[in-house]
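Each of the next two complexes has subunit A plus one more chain, namely subunit B in the first and subunit C in the second.
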Partner chain A sequence: MTLSSRHIQAYLLLLPAFVFLVGFTHYPAVATLIDSFMSTPRGSRPAQFVGIQNYQIMIEDPVFWKSVMNNLWFALATIPASMAISIFMALWVNNKIVGRQFLRMSYFLPTVLPMIAVANIWIFFYTPDYGLINQVLQLVGIKSQNFLGDPSLALMSVTIVAIWKEAGFFMIFYLAALQTLSPSYKEAAQIEGASPWYFFWRIQWPLLMPTTIFVLVNALINAFRMVDHIFVMTNGGPNNASSLLLFYLYEVGFKFWDSSYASVLTVVLLSILAIAGLMQFFLLDKKAHYR
Partner chain B sequence: MSASTLNQPNNPLDNTGWLATLGAWVLAIVWVMPLLYAFWAAFHASEYATEFSLTAPLTLDNFATAWHAAPFPQYFLNTIFLVFMILGMQLVLCTLAAYAFARYSFAGSSLLFSLMLVQLMVMPEILIVKNYQTLSSLGFVDTLFGIGLPYFASAFAIFLLRQTFKSIPKELVEAAQMEGANTLQILWHVYIPLAKPTYLAFALVSISHHWNNFLWPLVVSNSVESRPLTVGLQVFSSGDQGIDWSIISAATLLTSAPLLVGFLIFQRQFVQSFMRAGIK
Partner chain C sequence: MKKIIGTISTVAACLCVSTAALAQTEISFYFPVAVGGPITKVIDGYAADFSKENPSIKVTPVYAGTYQDTIVKALTAHKSGKPPTAAIVLSTDTFTLIDEDAIVPIDNFVKTDEDRAWLKSFFPAFMLNGQIDNKTWGIPFQRSTVVMYWNKQAFKAAGLDPEKAPQDWSQLVKMGTKLTKRDASGNVTQWGIQVPSSGFPYWLFQGFSTQNNAILANTSGTKVAFDDPKVIEALQFWMNLSQVDKIHPPGVVQWGTTPRDFMESKAAMIWTTTGNLTNIRKNAPFEFGVAMLPANVRRGSPTGGGNFYIFKKAPQAEQAAAYQFAKWLTQPERAAQWSIDTGYVAVSPKAYETPALKAYAADFPPALVARDQLPFAVAELSTHDNQRVTKALNDGLQAGLTGTKTAEQAMKDAQAEATRLLRSYQ
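On to the complex of A and B.
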């Protein structure tokens, strides 16, 4: 077989997958960037070049800023909390512990359930007066809270659901990493009489660093695309108190049908994801240091 | 690793203290609570939805009511069709692409590989506005095929399979070549059988992901014929059902039941699949 026919064969093997990859990832990303400088076509009026006008609209849009701030808080809460919980989970089920099978199953369960379905159950937990959380609060003498209806509580309430959903998923990555660590570390630590706490911080934690970076990047991406439960629980309300960027993008694009403004919002989201991507690229390069 | 640790004397660092054990159990109970509650509400009449009493009579009425209150049988068929259509397309397209990346050297291979990896960061659901326009110009809005289309090529699958294919010894391939097998025969008879665990891992991840997917199907589907379960459940529970928790819980359990049952039966495989998929 000649060299060039092997080349052609390779391209032919790649072609079908690349039609879809380019058609639904690269093309729309570039086209969105172009659309963000155009006006929304309405009826007989075609799209026109409007420069940075859409971006100016965005900067003056209070709902956009509200969604950005909400999303930043959402990320700042879900990322560290779900990661910390996932490390504990992984350490526990990696050791000898009573009911290990049950624990591992319980932690992982939220990962396989549809967010849209479990969010329905969480609504009940948050219901004023007879919801489960409020029943417990009232038992200890705290008055019933309207978790999803109170602007100061709504964001926190949907954040907790996200942490619950994600921690078990991240646990898997830590568990996989822990199981690849050589048992001799543990033996050496035991001979030296290290406490579990010392063993974790000085040995396991540094060795888990590549996993932590991988999970961190995933958590960051998820923080900007996990919006299913918003649709069920609050619809972004009350008064946009729990609106996240992707949710607002959906509203602009498919409720107000303003495609150029939605394109600007997409560009913002893409930039955030690009930062996450670069972070993974540069931080994971240092992985060799730990191996 | 278990074989090597079994023979060794007990290491205190392997054991968990009572405080940690307590913490682990409290966390686990909090974690399964929503599901436990859903079971409680779904199997009891609605007057017991907020009242917990051991003597409350069990009933299946909520399931029957939910099942007939919305076109759930149709939604089920839609989701099953959608999930397997996506998986089938992914397996074919991504196997071919992964094979090219693993065993061919060609001009621009690393550039194409990087371009492919972009999809790991930029999922189709981020680009809903443009992808919706693409879909409507192709005439696939409000069809199951349209919902599946953006997912047919999966960077994740290509990446996983390429890693697996690369680890297959060249000697096996050379032996097959000696016997006169052509490229596709080698792929079919050598690579694919040896990559079975990877295929299983990817299949479980893909099925559970697309069974649960919501935002993109919500945008694309507009009728009972094209609505998957997740969107159907959302339409159902935000409709006039209001706040009958028992019926909503029953519908919620129905929606998640196949995944839940599958998970409980194949728990080990599920966890291992996600692990395998996570180790890069």
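On to the complex of A and C.
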């Protein structure tokens, strides 16, 4: 009796969260999967079951593959770079240096600013001839580059903005983790005469592993989620050179109004993100050193 | 007892008020903001003024974001069964709205001679995108075209007549060559001509293609002519400006920074929307001129901007009220003031005869250039599955401008993709 009433109480407490999860996460995911096997309803033509036709269209769609490749490069560049920079910044502002608060704040600032606003500013940084970056380049004798208008530079340019935006955010996690480490490790290392690198590599880095995994998964998810600045800076151009998967999904869904093909792309994106999430649970968790 | 009577009378009074409110038709009206200035305030003012003159109708304007946000919101609402009564959406979205069965033809409401006269009062060029299958689906409201801005100071410095903009393509290249300045090491410090190509290059390209006497799509929106030799030639001309003549910045040029490039004297001539007029007038530190786009075989420019649409699933009484509102919005005096406030082209010839717009144009003649160009203007590219077909062209144009494909290859690929997309509409 007590047990079952406790059960009921527990379920009642879980109910609100459960309703929201089903309503906004599980149901849409299942509905998307179903829609991906249907045709797009238009006006008087209702949706019909078309099997895997939408998936075949996707496999033959060069823009889809271009977006996937772009997204892989985007992920390969943003994840290690933003993590490395964030850990470096965290170690730096964890030291007792003058103006530490100011430094911490300025490193964190990009995270606070809305992406749409900073993308508009970055457009002017990248502007040919008189943009900030080109002015610096010209000072050292390099010709002015059309960063956002050159297919070989556009993806790199939007990637840099993403790294700049993310590094500060991850720094906060590393900084918080560094501050939980007992100062006695450092004292012991100093007494033993360990070099700063040895101390970092053999003591801090292993102890930071749980944070690193958390940051890694977040960086991976963000690499497939962060597209706000694409809308402002390049619109996926020139000729799809900077189109990312989620950006293309938006185009298909809300510009072309092809909801079934958009569902297929959503299924692909969801699978990628699910794999990223599962990786954390099953693979990396074993390698992390939790106390 | 007194208390009870008091309560009853209050309740009765409330009931009366609410019945009065029920008799009022309420219409919702989605609008985007695509240019600078206090647009939201102006539209709210229109709604209030309209309700004052027509107490039986209450207009609730809803600011919906950009054009893209507005159509997303309107169509999503339509699909859920509760669309806005009316909305301002791009004139090129007409096919999309029809294919989604979202709007009703304006002709449904045109009953009196006065109505018919009103429907004929607009510039014909602005009606092109909204008229399909002999029906009018959208009423021009905030409309624009492409014009050329030129820096008079730069013209003087290059030894050109500062009062004369290039009239045709060969003059454009000749003057552009003189206006392109290079420093000692060969870096360009000022480009002769700049035509933006990010985001929606098809719109500016329609300037070149129309001037070369090519029309990109048929009026029923089922066929495109991207691989027409005249279209390929037009793209080749645009590509040559940067790749051969070296008077135009290379690669894809940002739409957003083009007015700034002009004001910084990095480009002596630019093509952009008339909607930038007020901005450039306020911020350019030199004298500038506004001209029609140069001609080749003919003059030409596309129209652009947004139309007023009425949604199908709205109740009939609301649709009729929205129609009244559309008529009220486009009266000459109001169209004139709207043009002065925003820089959009006033939608009817009569608006240009109003004292307000006459006085404004006398003080600032460039405001008339867009109107004078209208007789040469063509419909903005619009087809079934519009944004997808347009993307095929955009991708092709950018591939050409960045040198990844030849003009011919780029347009042939765009044509093949567009033909594939349009096959179910044949």
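Quick note on the criterion: the second predicted complex is superposed on the first by the 267 of 291 C-alpha atoms of A that agree within 3 Å, B and C clash if a C-alpha of one lies under 4 Å from a C-alpha of the other, contacts with A are read in each partner's own complex, and residues count from 1 in each chain.
Here is the rule we go by: a contact is a pair of C-beta atoms (placed from the backbone, for glycine too) under 8 Å apart; a residue touches a chain by one contact, two chains touch by 3 or more.
Bear in mind the structure is a predicted one, so any value in this text is a computation, not a measurement.
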{"item": "First, second, both or neither for A:Gln9, with subunit B first and subunit C second", "value": "first"}
{"item": "Partner chain in contact with A:Asn239 - subunit B first, subunit C second, else both or neither", "value": "second"}
{"item": "Partner chain(s) touched by A:Gly43 [first = subunit B, second = subunit C, both, neither]", "value": "second"}
{"item": "Subunit A residues touched - subunit C or subunit B, whichever exceeds", "value": "B"}
{"item": "Which superposed partner A:Leu249 touches (first subunit B, second subunit C, both, neither)", "value": "first"}
{"item": "Partner chain in contact with A:Pro151 - subunit B first, subunit C second, else both or neither", "value": "second"}
{"item": "Which superposed partner A:Pro128 touches (first subunit B, second subunit C, both, neither)", "value": "second"}
{"item": "First, second, both or neither for A:Lys143, with subunit B first and subunit C second", "value": "second"}
{"item": "Contact residues common to both interfaces of subunit A (with subunit B and with subunit C)", "value": "120, 124, 127, 130, 254"}
{"item": "Interface residues, subunit A side, partner subunit B - complex", "value": "6-7, 9-11, 13-14, 16-21, 23-29, 31-32, 35, 85, 88-89, 92-93, 95-99, 101-118, 120-122, 124-125, 127, 130-132, 135, 164, 168-169, 172-173, 175-177, 179-180, 183, 186-187, 189-190, 194, 196, 199, 214, 221, 225, 227-228, 231-232, 246, 249-250, 253-254, 259, 262-263, 266, 269-270, 273-274, 276-277"}
{"item": "Subunit C-touching residues of subunit A, taken from the complex the two chains share", "value": "42-44, 63, 120, 123-124, 127-130, 138, 143-144, 146, 148-151, 234-235, 237-240, 251, 254-258"}
{"item": "Partner subunit A, residues of subunit C touching it in the complex", "value": "68, 72, 75, 96, 98-101, 187-189, 197-199, 249-254, 256-257, 260-261, 264, 266, 385, 387-388, 391, 394-396, 398-399, 401-402, 404"}
{"item": "Footprint of subunit A on subunit B - complex, ascending", "value": "1, 4-5, 8, 11-17, 20-21, 23-25, 27-29, 31-35, 37-38, 41, 49-50, 92-94, 96-97, 99-101, 104, 106-107, 109, 112, 115-116, 118-119, 121-134, 149-150, 152-153, 155, 158, 183, 208, 211-212, 214-215, 218-219, 229-231, 233-234, 237-238, 243, 245, 248-249, 251-252, 255-256, 259-260, 263-264, 267, 270-271, 274-276, 278-280"}
